[in-house]
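The structure appears below as structure tokens.
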Amino acid sequence: MAGNSFGTLFKVTTYGESHGKGIGAVIDGCPSGISLSSEDFDAEMSRRRPGIGAFDTPRREEDRVEILSGVFEGLTTGASISLFVPNKDARSKSYEILKRLFRPGHADYTYFKKYGHFDFHGAGRYSARETAARVAAGVVAGKILNPIGIKVDAFTVELGGIRVDSIDMDKIKDSPLYCPDQKAGKRMMEALGKAKEEGDSLGGIVEIRVAGCPPGLGEPVFDKLDADIAKAVMSMGAVKGVEIGAGFEASRLKGSENNDPITPEGFRTNRAGGILGGISNGDEIIIRAAVKPIPSIGMEQDTIDREGRASRISMTGRFDVCAIPRVIPVLEAMVKLTLADHYLRFQAMKIN
Amino acid sequence: MAGNSFGTLFKVTTYGESHGKGIGAVIDGCPSGISLSSEDFDAEMSRRRPGIGAFDTPRREEDRVEILSGVFEGLTTGASISLFVPNKDARSKSYEILKRLFRPGHADYTYFKKYGHFDFHGAGRYSARETAARVAAGVVAGKILNPIGIKVDAFTVELGGIRVDSIDMDKIKDSPLYCPDQKAGKRMMEALGKAKEEGDSLGGIVEIRVAGCPPGLGEPVFDKLDADIAKAVMSMGAVKGVEIGAGFEASRLKGSENNDPITPEGFRTNRAGGILGGISNGDEIIIRAAVKPIPSIGMEQDTIDREGRASRISMTGRFDVCAIPRVIPVLEAMVKLTLADHYLRFQAMKIN
Amino acid sequence: MAGNSFGTLFKVTTYGESHGKGIGAVIDGCPSGISLSSEDFDAEMSRRRPGIGAFDTPRREEDRVEILSGVFEGLTTGASISLFVPNKDARSKSYEILKRLFRPGHADYTYFKKYGHFDFHGAGRYSARETAARVAAGVVAGKILNPIGIKVDAFTVELGGIRVDSIDMDKIKDSPLYCPDQKAGKRMMEALGKAKEEGDSLGGIVEIRVAGCPPGLGEPVFDKLDADIAKAVMSMGAVKGVEIGAGFEASRLKGSENNDPITPEGFRTNRAGGILGGISNGDEIIIRAAVKPIPSIGMEQDTIDREGRASRISMTGRFDVCAIPRVIPVLEAMVKLTLADHYLRFQAMKIN
Amino acid sequence: MAGNSFGTLFKVTTYGESHGKGIGAVIDGCPSGISLSSEDFDAEMSRRRPGIGAFDTPRREEDRVEILSGVFEGLTTGASISLFVPNKDARSKSYEILKRLFRPGHADYTYFKKYGHFDFHGAGRYSARETAARVAAGVVAGKILNPIGIKVDAFTVELGGIRVDSIDMDKIKDSPLYCPDQKAGKRMMEALGKAKEEGDSLGGIVEIRVAGCPPGLGEPVFDKLDADIAKAVMSMGAVKGVEIGAGFEASRLKGSENNDPITPEGFRTNRAGGILGGISNGDEIIIRAAVKPIPSIGMEQDTIDREGRASRISMTGRFDVCAIPRVIPVLEAMVKLTLADHYLRFQAMKIN
């Protein structure tokens, strides 16, 4: 059982490599009667594309989503929905070095070990391009969540060790880094510039907030909402940690500090992050993801070749300095997929 | 689709409440020919039971696992294996208050919202007792992992804000807190004593290490090994965060610091935590879980009753001060279940 | 992935062998708030037990279902429901011959080939006793179907080559063979008596009718309602064929004869058997299952031993002459499980 | 959970409508290192296309399969494989009548009831065109079965009530009807001609034989090999019945007649059809499928419109007279998909 499907009722199967014909997602389990057109994808797809000022790769595909099936006269039919995003800009030349050497921090080594060979043109299946299919599927998930009033927003709370001092959600949309603190955002940009000069890269922490989630979503004891969110978030190659609500900080609090008192007006605090016992409690769901620095760097590193001989590698070409801006719409998409799936699961059991 | 099953090929379905007839696990997908007897479970089951000195509940069930099916003449037959752990000590009296009030930090509120009513005798399905079934299933998973040489060990790296200074794996087995640093362990015990006096509780951080995992386990792009481990770990009610390798710290490193250089002798460092691109790389797998303080505390807290009226609650009876010692064998079990499942998945694709 | 689970949303996992501690079913995905007690199972469980006059094995267990979990104060809680049926009458002595010889028509040979060894005490996992767990789970499925008005009834339309001339549903409950034609039933009993004298066995055809099924159940293109029913029915060891509506006879009709004309009052005929394009059409669902003669016979047969040497085997002891009476409640249960699952699947997609 | 996926380890998800951009299949779970190219599909795809002499629709697409992902330098990579078959000949004009009327024997009515609206251009998702994706996926399944020596062949044993007298497998490839009896085949052709004149259609019975299947495939107790084959075969819209080995005829045999005696040289007869207790026994697997007459006929029939008013419908245009020739490669594909999946499942449990 390979792992290219996500979800149980709202089930998404993705495919595609960075330098093949394109990438795609098939959604099996989307209810009928939902309006859907190719244009619905444009905004999210363009968010995922590279492009913050001077700091990322200039490759600039026009990622238009083609709907190959499942929609008739503008409405979903209940049949499986096939979404396709053609690859436009396939440059294999700059990846010749990958035929020989394993890049540190990349999956070259493990794919080679697992599958016996690997698609060295642009990292094949583990290319970041794969996430375009996630974003496309996330748009359809959003169509299920919107009418219920569920809203998912992700933003940067830390980058290169610089943490925000305050969170002003209105500032996010104006920031190329999705930073809710204008001052911190400025310092983050400076840190990015410095890292770029050094041929190095930076990581950071993204917070995802879900507003409007009704109580009751999540299926104990294993498919708890936080468990499935953790999987969704950790399924991103760049993510090395995930926490809910107070998260790791909760481990340092006492019970009397960490418990959220319940009042007739609702929970007084939200250290639980909107989930109790694996089930949404109606409060805002709060998730944080630790994003590692991009492994492709200009600095020379130790590695080995396919025969196991010591070698040195330095990546030329233009690379992003930080994955966060591109990761943010994907993280939102993954959380949306999780919530849409759990909403249908919740729905299935409401027989009375 | 309810969530009481874990795994895809090595699939475990659990059931049972704290004060019913017992709890159990059915394993569908265990290969035939593996030796298994009731005694195989004793050591792990007794680790999960409460009992560190003065700091935990005196309830002391003899958790013996009965094998109801799937084993013949001491060997697994390939049929589904049914494991049952009878409840011996059902005291419902002390939980009368739960008929009326929602306990802060517990799942009373969300279960009531989701299922319309709830089993107030000892928290029903979301009782910690549920995890006994996980431990029992984990023993069977271990039977698959042992011959391959995969070993899973968990220990305490932080408790009540006290962090270990060093890790000496040999110290773990002598410590009631599974603490690999004797001095830190002593301070942790003092902190527990103090919290107990105050009627409060503490949390901490558990590290899980997997030795001997061959490269190749994990199924991109969604069922990555780290993604499935994150789900497994976060499916514990007490866990609010999970990280792999450098984890959240990785978000503060530069690419040049975070990338593990590859040498003919292997990876020079292990910031990746043994997983690259969602596939095990042959190195030690390193996981950390943030455990929240136990929500049941003696101190009085604000809450509401089922009709939504403001009330105060203070839990009487004896409660654990910290979940960590009981959580550790369960976390090991969850990681074992994940690895056994991924090992069979890996195995399925080896057709040549 | 072993095959001891059935269903996707209403998911049943069974376990147990004929001569172990008992057999059981765990249901994951039963909605909360449904009344359920141990007594609810008695009628169906006693139907499955052997006992038509002189023609079947005198073994007569009291099959009482114990509810081990998932029910609180008489109502399902939404947690996994564990049902257990203890084995009362474990006689292993009469099966000693199975240690050495493969019985023709039984699964001895294939289990040995697949699993390397097998539980020769009463056929282990492939004993007919396994179906007791199906019947128990079917009772819970019935609790979901009853309020919707879905009713499932199975009866004998052919036995030992004797076919019914007419179908009077009221006659079924009075017939030990569930035969809806009193005269034919009498001749079937005579045929059974004769076969018994000869040390031989008989097969037959069972028809299952589902009344009250609303239109819309079934999930094209693979999980069509008829496809899942076919699997459910064929998953019975004794069944060698299954047909829907006109079935094999449809293959001999012309399109103009086989098409059911549609009128404002509904379908004029029902050759489709209540399913069109894999989706229920609101009409009665009609299924037929071909049941093979019981392979355990007194007559001597050729076989081989475990080392592959030619041998002869004749089964002593008392065996049923025909599986049909015991198979009928199990077939009803399997169809109920399929319908309950599809009802929840249907329900999940009704988001508007 | 919608039903557009088939299989568990070798998992195929299909999409596409008859008059959209195309149809496709995504295969998740194909092992790496298998040679695969676009040409590999040509032979099977052209078998599925219409075209027996004068008796079928003249629509003649060039069904070329595009590999969108999962193959690199001619070998599968272990990533999900995306296969796409563009629609070339989209004529919507002739289907205008479907906007208003439900065609008897078709799924118009049930799709409308289930999904609220339906794609009336050429029957949308329930068009026979959907099966092109099954055939494409079946080719990849064949790549797994071929090296093991498993071979799947289907042929016509009855058409329009005319049954073959003998089976000569060498005759099949020369017969437009895949008929293994030249004389019977001739009479079948005459029957087709006559039905065509009358504006009517015919059905028949297809037999599928699997040679070279090793013992051990099949996962009791629910995912028995025959159960999964029954589902696979019945998931074809045109199939109304399925039987294994002696099938319905077994229900008329005595135990002494139906049991296959076991000898040192193997089973003396094969009434079991190669499957015992749901597990392949190493013998030839024999399956028969009842194919109904095509519902689209020229003769006028009673029906209703979307508002439920009585009406008459007669299908103009050119339609196939019998589905069998086109169904045969699809049935082969479905059996191949089932076997490839079960082979991987078998493989997963071979850990020793």
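By letter and in written order, the chains are A, B, C and D; residue numbering begins at 1 in each of them.
Everything that follows uses one rule, which is that contacts are C-beta pairs under 8 Å (C-beta built on N, C-alpha and C of every residue); 3 or more make two chains touch, one makes a residue touch a chain.
Remember, it's a predicted structure, so these values are computed and weren't measured experimentally.
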Between C-D and B-D, the pair with more C-beta contacts: C-D
Chain whose mean Cα position lies farthest from chain C: A
Centre-to-centre distance between chain D and chain C (centres being mean Cα positions), rounded to whole Å: 26
For chain A paired with chain D, centre-to-centre distance based on mean C-alpha positions, whole Å: 39
Rounded Å distance between chain B and chain D, as computed from the means of their C-alpha atoms: 46
Sequence positions of chain B contacting 2 or more other chains: 1-5, 8-9, 14, 29, 32-33, 78-79, 114, 125, 220, 345, 348-349
Residues on chain A engaged by chain C in the complex (per definition of touch): 1, 9, 29, 31-33, 78-79, 144, 220, 343-345, 347-352
Residue ranges of chain A in contact with chain D within the complex: 1-5, 8-9, 11, 13-17, 20-24, 26, 28-30, 32-33, 66, 68-70, 72-73, 75, 77-82, 84, 114-119, 121, 124-125
Interface residues, chain D side, partner chain C - complex: 1-6, 8-9, 14, 102, 104-107, 109-111, 113-114, 125-126, 130, 158, 160-161, 195, 198, 200-205, 215-216, 218-224, 226-235, 237, 240-248, 250-264, 268, 272-273, 275-282, 290-297, 299, 301-304, 308-310, 345-346, 348-349
